[in-house]
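Chains here go by letter, A, B, C and D, matching the order in which they are written, and residues are numbered from 1 within each.
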Amino acid sequence: MIILEDVSKSYSTGAPALNGISLHIEPGEFVFIVGDSGSGKSTLIKLLLRELTPTSGKIFVNKYDLSKLKRRKIPKFRRNIGVVFQDFRLLKDRNVYENVAFAQRVIEVPPREMRKNVPSMLSMVGLAEKYKARPRELSGGEQQRVALARALVNKPPILLADEPTGNLDPKNSWEIMKLLEEINKSGTTVLVVTHNREIVNAMRKRVITMKKGIIVSDEKKGGYIDED
Amino acid sequence: MIILEDVSKSYSTGAPALNGISLHIEPGEFVFIVGDSGSGKSTLIKLLLRELTPTSGKIFVNKYDLSKLKRRKIPKFRRNIGVVFQDFRLLKDRNVYENVAFAQRVIEVPPREMRKNVPSMLSMVGLAEKYKARPRELSGGEQQRVALARALVNKPPILLADEPTGNLDPKNSWEIMKLLEEINKSGTTVLVVTHNREIVNAMRKRVITMKKGIIVSDEKKGGYIDED
Amino acid sequence: MRISTFGYTLKQGLKNIFRNKIFSLATIATIGACVFLFGLFYSVVMNFQNIVKEAQSGIAVTVFFDEDISDERIREIGDLISLRAEVSNIEFVSADEAWETFKREELGEYVETFGDDNPLDTCANFEIYLNDVSMQDALVTYLESIDGIRDINKSVIVANILSSMNSLISYVSIGIIFILLAVSIFLISNTVAIGITVRKEEISIMKLIGATDFVVRSPFVIEGILLGLVGAGIPLVAIYFIYNNVIEYVVGRFTILDSLLTFLSAKTVFSTLVPISIIMGVGIGFLGSFVTVRKHLKV
Amino acid sequence: MRISTFGYTLKQGLKNIFRNKIFSLATIATIGACVFLFGLFYSVVMNFQNIVKEAQSGIAVTVFFDEDISDERIREIGDLISLRAEVSNIEFVSADEAWETFKREELGEYVETFGDDNPLDTCANFEIYLNDVSMQDALVTYLESIDGIRDINKSVIVANILSSMNSLISYVSIGIIFILLAVSIFLISNTVAIGITVRKEEISIMKLIGATDFVVRSPFVIEGILLGLVGAGIPLVAIYFIYNNVIEYVVGRFTILDSLLTFLSAKTVFSTLVPISIIMGVGIGFLGSFVTVRKHLKV
């Protein structure tokens, strides 16, 4: 499903954010990506979405060779991926309902279905009552859940979630993780970047640990690796 | 230092975010505020900074009666408070150094001292090398640490931190908490909103738990209260 | 594209206008101001040209005959002249008529110093009015070749002044209107550009979710067209009222100028002004949003 | 305010310009376009008024004397007239001079039908040139009260036309310049407003950190003034070159108009245009940023 071959990414300034990463993720896997702040986790997610292009190396996602993907084909490619961005990236001047519905509109879901899917997704993340609010009228955790609802509403074959519980209380975080696990069980490949040691240790999934742009460990049924 | 008397806050839409909160925090205290997503924690912080005004009730911060504070006096009042915002609120088109230095310029620190304070603060949060980067060239956790550096650089008598470790790995989070504890020991009153159960349970400080706009528990040397 | 998507796009275009009120107002205001200035000068210039053209049509070439000419020959000459393409009108003036006109127009105060005789008894003539003053020379060359004509009075100076004025005004008008158009396009695209830069983030989010360029761009383009339409419509209505009132005022206040100046009717001016302005507003609204959005689509 | 803070403020004002390049360019462009249009029309209007004023100064009141008047009395009358405030110049025209002029200017083609006599032998006169055509009536009333004057020729029509033209042009000019100024102020504050709305967030962050209104606002105001200065300077330089070239071209191309039209020197026009434009640019830059920032300061 996701293959990285010796991928590096350098921004115009500073040390390379990714430094020769190779990685295979099979369809239907549930993978945690953990690592220090600034170790390149978000960069990796952005590469998989083709928001960024790698400086070198090859990336395959969902059978697309990203280095050969034509600009025209990018939207089609992205429609198979649900993403939760670390900074949410909600549409500021649309309300919660419209933010989630937008993902459905993009894949041209018939309006009748959309009017069922969106509210049911919103109530799954506990925001059924807030559907009329604008993003700036929401608390941090509420915004994060809108972002999650938008990523999940299309039931995409791949889900990339960058720190989806950073602003959520432990109870909410657990509920969200259970939701992701469920979605994974129905066939979606799930990649979750997180700092939540408790959750990573409890769920016993594949854990990829990054440090300064390289993968320092990759364990099936792993846990959060502490240096100290 | 901080006194709230029967404070309520309703936004134009939805249920009240705070509903009759009373609270005393003594000078030099270290207080955790925990609670569900949307329980009113950020609203409380915004009231203390006078970013918002309460719908009813009285607030005293650092001997200022906020209901009587003249608009002209607000800047002077705010200079005694360091704040980490949940959404960071960095100045987008200034680099890391300038973002931190801005807090020093506001209180008119002589340039010579500023040129010492800012780099030393930046290295304390582990960003000494990134001083030239713009906020959008930083990872989530790095941005959060810039926000923290800006709040701390003036050594304010009061520190309000809204989720200061939400985007940080456990190791970094611990270091930041130790830093806050140190600052608290040197006399600063510290209020930290957090979802990090591990840290709250380990540090054994005063813990205020909120739920749907009211304080449901307030314990000296408390821990994270789980419902389930 | 599904019908529902199309309806959604249209609705979003409309909603965008209300979502970004400051930007929408700014765009309408800018387009409005530009169309307003353009329309104002267009009206002034059209009237100017019309006045000069009217003045030209009053200029005549006068033809005097040999002293021993027959009435027969005069009629022949008249027929020959009226066949020429550049001639709009020809009038025979008898010697008596010539003297009456001369007394009235030229002598004025001095008239009493002349007796009752007609000193101009050989001055029967044709007054030939032209379609275009600049064609005078061609006509005169032709007239000189006709037998029986003693002299041709061609009022060179006035004709030249008018024809120079005419081309000067044409040049200046074209210059001013061109500058105004350029400035307008510049200002409007400017406003649209700032407005869309603000929404750069929005555009990139949509693209990252998988929206095609077309879907992202359509609401912006619709918004641009609508803003252009409103922005062009308001000043047109304003100019219409201003135009009628100003002309009424000028005609009433400066009665002395009334005979000199013939103003165009609002209908005449607006029959070209309206389409130009609408095309300008809508075209710039469309192109402005189309081009500026493209810049941000490369996500 | 500390000196270091002042230096910092100044530097930030400058830096802001480069930080928000699109906005800075848009502002400069808008101010530039407005000052450009304003300057263009100001120049045109100034020249127009000058041309009409020159034309007026060629209009004279002509005074004829009683037939039996003595040279002595004529001289007395001349002295009386020259004392009047509205008179700019007075010229004595003898009967012979009058006839020569009449033959040359009025008779033209018809001159040969008159003999060698001077039919105007009682037509010695004074030509009185006025400071301002609109004062003609007052002068005529005075002249009628003087003994020894037979007749006064006051060229009512031309004088009235010119004085009407003069006030019509004044009204239209003031109207156009007023509209241009209003549109400019509107457009520029528009651009500044959008630009600062973009920075609303920045302003509120600064205020939440404890910055005073003054500290937050100063860099924006400095930025506004600098943009206004640059925005006004560029079109002034452009107009200067255009102005000189256009006049040179017109004078060269339309030689026939040269005698009719006297153009003002660039120096004359620019001595008022430059201060007005600079005040306009800087003033709007200052006010625009000052007022729009205030809106966002209430944090």
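Just so we're on the same page, a residue touches a chain if its C-beta (ideal position, glycine included) is under 8 Å from a C-beta of that chain, and two chains touch if they have at least 3 such contacts.
Since this is a predicted model, take the numbers as computed values, not measurements.
Counting only chains that touch, the fewest steps needed to get from chain B to chain D is 1. Seen from the C-alpha centroid of chain B, the farthest chain centroid is that of C. Distance from the chain A centre to the chain C centre is 62 Å, each centre being the mean of its Cα atoms. Centres computed as Cα averages put chain A at a distance of 67 Å from chain D. Between chain C and chain D the centroid-to-centroid distance comes to 24 Å (mean Cα coordinates, whole Å).
Touching of two or more other chains is recorded for no residue of chain B.
Residues of chain D in contact with at least two other chains: none. Because contacts link each chain to exactly two others and close back on themselves, their graph is best described as a ring.
Contact between chains, using the touch rule, shows up for A-B, A-C, B-D, C-D. Chain B meets chain D in the complex at residues 49, 51, 71, 74-79, 81, 83, 85, 89-93, 102-103, 105-108, 110-111, 150.
On the side of chain C, the complex with chain D involves touching residues 22-23, 26, 29-30, 33, 36-37, 40, 44, 62, 64, 102, 106-110, 113-114, 119-123, 151, 153, 157, 160-161, 164-165, 167-168, 172, 176, 179-180, 183, 186-187, 190-191, 193-195, 197-198, 250, 254, 256-257, 260.
By the touch rule above, chain A contacts chain B in their complex via residues 11, 13-14, 34-38, 41-42, 86-87, 129-130, 132-133, 137-142, 144-145, 162-163, 166-173, 195, 197-198, 224, 226-228. Residues 2, 4-5, 8, 19-20, 201-202, 205-213, 215, 298-299 of chain C are the ones touching chain A in the complex.
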